[in-house]
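Chain lettering (A, B and C) follows the sequence in which the chains are written, and residue indices restart at 1 in each chain.
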Amino acid sequence: MKIKIFNRGICVCALLDTNPVMRKKCAEMEKNMANMINDETIEYVGILAKLELSAEEKEQAKSDMGRMLDYIDKLGELDTTDVEPVSHVFPVENVFREDVVINGDERERLLSNAPQEKDGMFVVPRTFE
Amino acid sequence: MSKQYETVIGLEVHVELATKTKIFCGCSTAFGAAPNTQTCPVCTGMPGSLPVLNRQVLEYAIAVGLATNCDITRYSKFDRKNYFYPDNPQNYQISQLYLPICQNGGVEIETEQGGRKIVGIHEIHMEEDAGKLIHDEWEDCSLVDYNRSGVPLIEIVSEPDMRSAEEVIAYMEKLRQVIQYLGASDCKLQEGSMRADVNLSVREAGAETFGTRTEMKNLNSFKAITRAIAGETARQIDLIEAGERVVQETRRWDDAKGESYAMRSKEDAQDYRYFPDPDLTPIRVSEEMLQEIRERQPEFRTEKMARYREEFDIPDYDIDIITGEKPLADLFEAAVALGAQPKKVSNWIMGETLRLMKEREVDAADLRFSPEHLAKLIALTETKQINSSVAKEVFEVMFEENTDPEQYVEEKGLKTVNDEGALKKAAEEVIAANPRSVEDYRNGKEKAIGFLVGQTMKAMKGKADPGAVNRLLREFLQK
Amino acid sequence: MNIANMTATQLAAAIRAGETTAVEAAEAVLAQIEKEDKKYNCYVTVDRNGALAQAKAVQEKIEAGEFSGPLAGVPVAVKDNICTEGLLTTCSSKILHNFVPAYTAEAVKNLQRAGAVILGKTNMDEFAMGSTTETSAYGPTRNPRNTAHVPGGSSGGSAAAVAAGECIYAIGSDTGGSIRQPASYCGVVGMKPTYGTVSRYGLIAYGSSLDQIGPLTKDVEDCAAVLETLASHDPKDSTSVSRADTDFTTALTRDVEGLRIGIPNDYLGEGLDGEVRTAVLQAAEVLEKKGASVERFDLSLVEYAIPAYYTIAAAEASSNLERFDGIRYGYRTEAFEGLHGMYKKSRSEGFGEEVKRRIMLGSFVLSSGYYDAYYLKALKVKALIKKAFDAAFAKYDLILGPVAPTTAPELGESLADPIRMYLGDIYTIAVNLAGLPGISVPCGEDSRGLPIGLQLIGDCFQEKTLLRAAYTYEQEVREHEQTV
């Protein structure tokens, strides 16, 4: 299998290969990764996503995310200047419901999975200062 | 303070829409239910649940947009605003960022100087309300009630066109009036169906560019807004005068303490990662849909004022006040439709109603008495079955409890006594007991008659017609 | 009569004819589960008592003439990301280890209305993120054809259960190939319908704009029957499409005369295993012999589908999975400091590695300053990919190709390198981006005896064409096998 170099130095096709030489070459190329994710970014994304990573997981996440972003950068090869972004592929539009009450009191069922409940409410750590 | 400063204010006004159900599910929006009894998988963010837009929400939002001179966005979408907080069951709020339903509008307000100005509306978007957090002092935790979660809101974002608290209030009153006319919301500040976040910055008078702004939240009365604007203006000027910088941040106004504090925390990145909600379809507003909504638009204030001038013989000042709040206009028209004389109805609204509303801090939207009862009360006075002071007494009771005035007057025995004999007897007794006043009257002191009338009314326990008493006394005294 | 080996259509007919009962059927399949599932780990939850009770109730209704369809009394397995009222639904995640939904997904309700008997919930990659069913918090599922190999994923439990006779048919979900690829690896039929055909209400979302529920069955006839039952216009799902043409079983005719089939050169290139290639091309020949025209063409943009997909799916997933915060349901950590401490610890302990990886990536690509460069760009590429398919379907009625580049890898082989795992989805992913229907039909095995899948892709709403071609192929092969 040939090594195919994507735009910023990651060789994805080689990853498919089990040949150790290829793998090594690939690893070398990855050192030149374009998307260097630093500690601050991981910290910041952790705050956004509410995830707390161990030191080891952080290192892993830095390298994983950098590689993925390099890979995603491939999209940059395409000229999309006049292309409208599409979130729904079909033109399904204007889906509405009428303003009619259809739901009754389902409290007991909805609370049944709560880790902690009190007086018909969900208990959370205090939110007021 | 040597320099002159100008305050620049923009408003984000949230209005809860008066729909029967929530924006994305069929749960009731009725106020005051037991915690979490008006919830379902959708508005509690259960896994696998999906939102479907309430048509009425869209129609109200478009109606408000049309009434505030906005362009209606013909292709509009919902976006997710991602942030973690327990009152937000999905940890994202469905809102509109990229293609809000209404854009580029404005309303006219009166300025303090008596002039007029346009406050621009940057956009109006639809979104869902959050649940309610209650602090549990005993266990030092918070409790979440999702009854309000998913209640439809529109957020009206103004341009930074206001320069004083007075203009802010004039703008909000204008919005409230328009929205109440549409029936799209009751716009009660105290109950939170209308809320405002104030974006404020200061700059040296005459400066071209804006200063750094802060956003203040938790303002639930006009008084709080006025105080918060004064407080934040002073705080920012102090910072600038001291050579420090204003930080762009969200602040919470503590009205009791009269100060604001920053709401920021390390965990609060303010990066909402908006993206189009894939669970909802785009909205395409057709010309027909727009036309239908346009045709359903009610009579707005200007039209109503013109019609009142034409139809009713009441002063312009009364028209101005009554049409200023939709509930007052509704009350007026309903009572007149029941046969009450317009002038009388207007007098009751302008006089006792406004007095008690002010004294007891009641919003027009919260008035309890029905137009039927007001019309009955007017009929009772017109037919002289009760006198005016009894009528005021009855009205106060009616104002509190929407009591039926006929029934109340009957039960309490407040009807004017038309018994000639009893009245004559009372008058004679008063004349006999007050020789000095009688003397004074006869000597030309016209005022003395008032005292004698009062005494007679007192003897009659207020249940006489004061005019009749007056006539009778004069008759006796001329003898 | 070996019930565990029967198709749904056969079994329902036998029940209707009184040759067996729904209860016997449930008992037989439950016995099979008891016997085999220790080996394969297809199920997270087996609802033995519930299944028997349902079977009894269904049998009574069959006897009363209330149920007469091809699924009445037939036991089904449901992927564990599809909500079932009163029955544990975990998404194979620790974070939902104790979650019992208060409602049933619309797709499952449709099955129940047709007299299906729910056996239990099948194992999957955690939150459907994976291609091997190894990211499950409840241990990997093994491929019944060779237990050293993975069953594929993410609907690996469903595919393996069908292959092992641990259910008569199953339902799964497909976001980037999650039905078709495990079907291919396990040698069963799997279909992802056109986006919007089956209600997503009650499907725990991974990538909302890509997710679709679909059938995993023993043959094409069952596939059509199950899809016919699953499909409905659901007012609770805004993206649900109202279609009149869901009588899919009417498409089960052996006729591909004049059908124009295109094979993308891009699907036969580098990275495709030789044996898979041969099997797929042989399958094309079978259809050609029956009167279809087959030609090669350049689809283009194939290599952009994976990066676009991972951007969109990760972004949507990062938002969809925010609700798992330990407040209303699911796992909440024991000891924590403050609200945000609780969020972070519960989520970090509750989610597995692959899920966290995608949440981090998704949060990053949506974050301030990157939205346009990544997410918006991906949505534009999605538009281009859709256009490329539109161009292809102007020329062809069907696109034919492999489901996956290889047959099922061994356990542990893929996970070490995520990008490598993602590349395995190269032939299935574009179908989700374009919202198209796709089916995987067994088309032989490799030299190690591992099944190979043939993928047929149709234009939007062209499930019938797809089913007709798949049925024709299957019948031809069956006939050929019988004569040999």
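Please note the rule applied: a contact is a pair of C-beta atoms (placed from the backbone, for glycine too) under 8 Å apart; a residue touches a chain by one contact, two chains touch by 3 or more.
Bear in mind the structure is a predicted one, so any value in this text is a computation, not a measurement.
The chain with its Cα centroid farthest from the Cα centroid of chain B is C.
Centrality by Cα centroid goes to chain A. One simple way to say how far apart two chains are is to compare their mean CA positions; for chain A and chain C this gives 22 Å. The geometric centre of chain B is 55 Å away from that of chain C, both derived from CA atoms.
Per-chain Cα centroids separate chain A from chain B by 46 Å.
Contact with two or more other chains is made by residues 99, 102, 209, 235, 238-239, 318, 322, 325, 327-329, 339-340, 343, 363, 367 of chain C.
Of all residues in chain A, those that touch two or more other chains are 44, 48, 50, 87-88, 92, 95, 97, 106, 110, 122, 124-127.
Touching two or more other chains at once are residues 41, 44, 46, 52-53, 82, 84, 86, 144, 267, 271, 273, 278, 280-281 of chain B. Listed in rising order, the residues of chain B touching chain C in the complex are 41, 44-53, 80, 82, 84, 86, 89-92, 144, 267, 271, 273-275, 278-281.
For chain C in complex with chain B, the touching residues are 82-83, 89, 91, 96, 99, 101-103, 105, 200-205, 207-209, 235-239, 315-316, 318-319, 322-325, 327-329, 339-340, 343, 363, 366-368, 371, 375. The residues of chain B lying in touch with chain A in their complex are 19-21, 25-28, 34-41, 44, 46, 52-58, 82, 84-86, 133-136, 139-146, 266-267, 269, 271, 273, 276, 278, 280-284. Of all the residues in chain A, the ones that touch chain C in their complex are 1-2, 4, 12-13, 15-16, 41-42, 44-46, 48-53, 57, 61, 64-65, 67-69, 71-78, 80, 83-90, 92, 95, 97, 106, 109-110, 112-116, 122, 124-127.
Chain C makes touch with chain A in their complex at residues 98-100, 102, 195-196, 209, 235, 238-239, 241, 270-271, 301, 303-304, 306-308, 310-311, 318, 322, 325-332, 336, 338-345, 347-348, 351, 353, 356-357, 359-365, 367, 374, 376-384, 386, 405, 417-420, 423, 433-435, 460.
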